[in-house]
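Below you'll find the structures, each written out as structure tokens.
Two complexes follow with chain A in common, the first pairing it with chain B and the second with chain C.
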Partner chain A sequence: MESEGIGRVFAALRALWRRGSGRYALIVLGLWIAVAIVSLFWTPQPLLATDGYHVWAQPSAAHPLGTDGTGADVLSWLMAGSRTNLVIAVLTVICSGALGLLLVGLMVSRSAGLASTTVAVVDALISIPTVLIALLLTVPFGASVGVIVGACSIAYGLNLARIARPSAMLAARSDYVESALAGGASGWYAFTRHVVPNIMPVLTVQLTISAGTSVLAEAGLTYLGVGVGAGVPSWGHSLSTSVKLINVFPLTVVWPGLVVTLAVVALNLLGDAFNSAMDEGSL
Partner chain B sequence: MSVEIRGLNVTIGGHAGSARGGSGRDGSGRDGSGNAVVRDVDLTVGDGERVGLIGSSGSGKSMIAKSMLGLLPRGARATGSIDLGGTEVIGASDRTLADLRGRYVGVVFQNPGTSLNPVSTVAKQIELPLRLHYDLTASERRDRVMAMLDKVGLTADMAGKYPHELSGGQQQRVGIATALITSPKLIVADEPTTALDSIIQRQIVDLLVSLVDDAGASMLFITHDFSVLARATTRCYVIDDGRVAEEGATADLLASPGTPVARELVGSARRLTLSAVGSPAVSSTVSSDRGGAR
Partner chain C sequence: MRFLAHRLLLFVAALFGVSVLVFVALRILPGDVAAVMAGTAATPDRIAALRTQFGLDRPLITQYLDWVGGLLHGDLGTSALTGRAVVAQVGQRASLTFPLIILSLFIALLIGLPLGCASVLANGRRMRGFLHVLAIVGGAVPALWSGLLLILLFSRGTGLIGIFPSQGFPSEGWHNPGRALSSLVLPAVATGIVAGAGIMRYTRAAVGDVMDGGAIDMAMACGMTRTQAVLRVGLRLATPQLVSVAGLTFAQMITGVMVVESLFALPGLGALLIGDVGNRDLIAVQSELFLLAAFFLLLGLVIDLIHRALDPRLKAADATGTDAGDGTTGSAASKGGE
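And then the complex of A and B:
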């Protein structure tokens, strides 16, 4: 059973690799994960090392991407930031997926009252922007990675529920779900074992988009001061500390901007590659 | 398992109490507070008996079956009494119904192509009731699935296939295997041959009848085709506009139908049988669908 699961993962990776967009996404994501792991043990300069005599320095052998306004090494902070952004993206996918699926399950439940109430609640809450959710969460909890994950999970979970509902409704009203119920399955069992596997294409694409958007959200929220806490390395932190002098030292903004762009594009293309692979029946 | 249905009414979109008031002037069954699709139906199935439920499309046959299983669609409501082997179904808790379904009552569905989960293998579909109702190890479940596949005339290599890799007849054999894997005491077959061609229809009916008889189970066989019903049942009820129009031994009803609806159904079955017998192309294409996936 385990080897069957591993075989499926490799088959999925092969199907993605055959597509140009999938290949790009896998390379970028592979690099991202590798850098995040390496940064746990090694960065070109210690994160807390600053050189007051070389602030906003141009790229050099000692500082391949230059230094920021405190004289800290930009490359080291970007490498360490990849960890934070990876954690945010993974946790957002897990939490928004769990929330979205819970809401989808309620929206397609056999109880008409429960289903219509959940639909109304989702429709009402979905109008609240991610930034506002983050601001509300910051009041009791303070700026932190948890606030970003919480805000993104709520916003993207609601969005996932709304987008996945039509497919889930079709699956929930299908003969094979009725067949499972006739076999003695509970409503929840039928949902998790029969509805969810049949809406995986929608879920997969939406969750990869959520992962990409969480990277953008982290950058935006950190810039607004409600993102990662002070001193926590992240791509958003690197952007926000350098963007004030973008007209004078544009290069220090280019690097984190480039990394964010590459990661977001990779995640979006991964979603597209998943979608086309599933359409062709390769997955 | 015996079935005893008394005064069953099913309404959609309103309260069942109003269903007893009868149909509207247009004969649609719609009154001020709901659409009555089943009206005051009394029906019994004895232990080990094979009983048919026949009627034209939309007559309410499937709603009776769904009421028995507690699987009425959202907005539908049943009143009356349905006793399955001593358990009252109407008003029963979800837990009671879930325990009844699959373990004591097996269901064979109309369209095998849509009633099988497209992302589950044949083995996983068949073992589902076992997984839900019995505490067996994976190898025990696999052994039972393999034995069941053999019983329904499918080869062992079918276990790892997905529904789209099977023909219609093979898919329905999987449906029958799923319904019978727990050796239930009652089989509800809801038009199990409608989506199949006439040759496969006969094979499926014969298979179902032999398996049900071997297990000593009862069967409620729902169809709109008298030629299929005659092969599968000994007694039947004719349903028209949600009511029992006629009941009796299947052979007697086939020989001398008493109501217009029964006469129409018998006449249709005879015309279809005659045209099938008269066609040399049809009579020469008898073959088994065992093996040979699409």
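And then the complex of A and C:
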């Protein structure tokens, strides 16, 4: 059973690797994960090592990307930041996926009142921007990783439900669901066995893209002061720091933004590769 | 008509829900609002005075009803910090933020629509691939970063080609329209690029869907060229979906707009809201959050109504009682552009 599962994962990775977009995505994501793991044990300089005599320093052998206003090493913080963003991306995918599935389940439920209420609520709330949800959560809970994950999960979960609804409706009204229910299967069983597999393609692609958007959201929210707390390394933190470097050493501005862009492009291309692999039936 | 009544009812219910949510979120703070507003060094007397001043010593339900009653009369309360009416503050800041969002949306459409059509029309594999990658990369740039790069390239003082002001907004505001507008150009481009990439993707998808439906083939059979058919028939049929996308893009751009407001030191709504949250000016925050949320709920309502008016197929589907196959798939714009 277990070896079969691993075999399927390898088959999926091979199918993705055969595509140019999938190959780029897997390489970048592999690097991302590797750097995140390495940064747990080693960074070029300790994160909290500050040096008041070398603030806003130019890149040098000791500080390949220079130092920030406290003399801390920009590269080390960027590396450590990949951890935080990995956690945010994974948690956002899990939570928004769960919320999306819950909403889809309610939308296709047999109780017409419940279904139409859910559709209506999703339609009404879809236009509320992520940043407003984040602000609403920040006031009582303070800026933290949880606020970003919470805000992204709510926003992307609603979006996911709206996108997955048409195919979920088709599956829920299909003959095999009818016959499963007539045969005494529970609604839960029909949903997990028949509806969920049918929306899996949409779900996978959309969640992959959401992971990328969560990276962008983190950067924006952290810059605004409603993202991860001060002193927590993240790409948004590095990007916000680089803003202050613009007058001192303009080229330093390029790196954190480039890292974010490459990662988000990788996740979007991964979504593309999933899409075409599933169209072809090789996943 | 039934749809309209239903949708309006829902809008009112959502407004009520949001007002409760905002109120509760600001009341479940550890400690109480007055203590938070007064700060850590405040004397108990000062806290008590604030509590009486803002009526925080009354039962929660009275406070809530009072607040909502005020909202209904257009009274959003007074800022604890500046002592000015919140309505006046919001109005003044909105006169910067709304032109900025509209300019961004305009730039996004200017980028997104032609490129989206071009990627439908592109013949070569290579051209198609290039446009595809362009859309993905464009949508992956954080607004903060594109803003920084634009400052490095085009701002006076710092940039390589100094043609636009790098930061700030003229103190006389819109009384000097030329300068005001020129200080909004770089921020608007910074957010417009990201949103434009999103619009480009949806244009391609929506026009592509129309092509699958056979309308384009029909138009070509009647003698149009492929380009004519896509631009005249395809784009027209995709309009309802594109209106939805543009509306949601408007809503989604707000994060990017708040970021560039801060980056370019523009005194807009984002700066106001973030500043008030930072200053713990909670009475103001409460009304501002509600007002913004209400605005976006209203925007959602308007988009839905326009979409419906533009797409008679939805009405027909309603009349026959069949599911419309969710004509809003195109409007399910992913929350991009942050």
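In this text, the second predicted complex is superposed on the first by the 278 of 283 C-alpha atoms of A that agree within 3 Å, B and C clash if a C-alpha of one lies under 4 Å from a C-alpha of the other, contacts with A are read in each partner's own complex, and residues count from 1 in each chain.
The working rule: contacts are C-beta pairs under 8 Å (C-beta built on N, C-alpha and C of every residue); 3 or more make two chains touch, one makes a residue touch a chain.
The structure displayed is predicted, hence computed values, not measured ones.
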item	value
Superposition on chain A - do chain B and chain C clash or fit	fit
Which of chain B and chain C A:Val90 touches, first, second, both or neither	neither
Partner chain(s) touched by A:Val265 [first = chain B, second = chain C, both, neither]	second
Touching partner for A:Glu178 - first (chain B), second (chain C), both, neither	first
Where the C-alpha centre of chain A sits as vertex, the angle toward chain B and chain C in the overlay (nearest 10 degrees)	100
Touching partner for A:Leu47 - first (chain B), second (chain C), both, neither	neither
Partner chain(s) touched by A:Ala120 [first = chain B, second = chain C, both, neither]	second
First, second, both or neither for A:Asn159, with chain B first and chain C second	second
Touched partner set for A:Val232, first chain B, second chain C, both or neither	neither
Touched chain A residues, chain B compared with chain C	C
Lowest C-alpha to C-alpha distance for chain C against chain B (Å)	10
Contact footprint of chain A on chain C as seen in their complex	6, 10-11, 13-14, 21-22, 25-26, 28-29, 136-137, 139-145, 148-149, 151-152, 158, 247-248, 251-252, 254-256, 258-259, 262-263, 270, 273-274, 277-278, 282, 285, 289, 292-293, 296-297, 299-301, 303-304, 323, 325-326, 328-329, 332-338
Chain B - residues contacting chain A, complex	69, 71, 74-75, 94, 98-103, 105, 107, 109-111, 114-120, 128-129, 132-133, 175, 178
Chain A residues within the chain C interface of the complex	120-121, 123-132, 135-140, 155-156, 159, 162-163, 165-166, 169, 206, 209-210, 212-213, 216-217, 219-221, 223-226, 239-240, 242-243, 246-247, 250, 253-254, 256-257, 260-261, 264-265, 268-269, 272
Touching residues on chain A, where the partner in the complex is chain B	110, 112, 174-176, 178-187, 189, 194, 197-198, 200
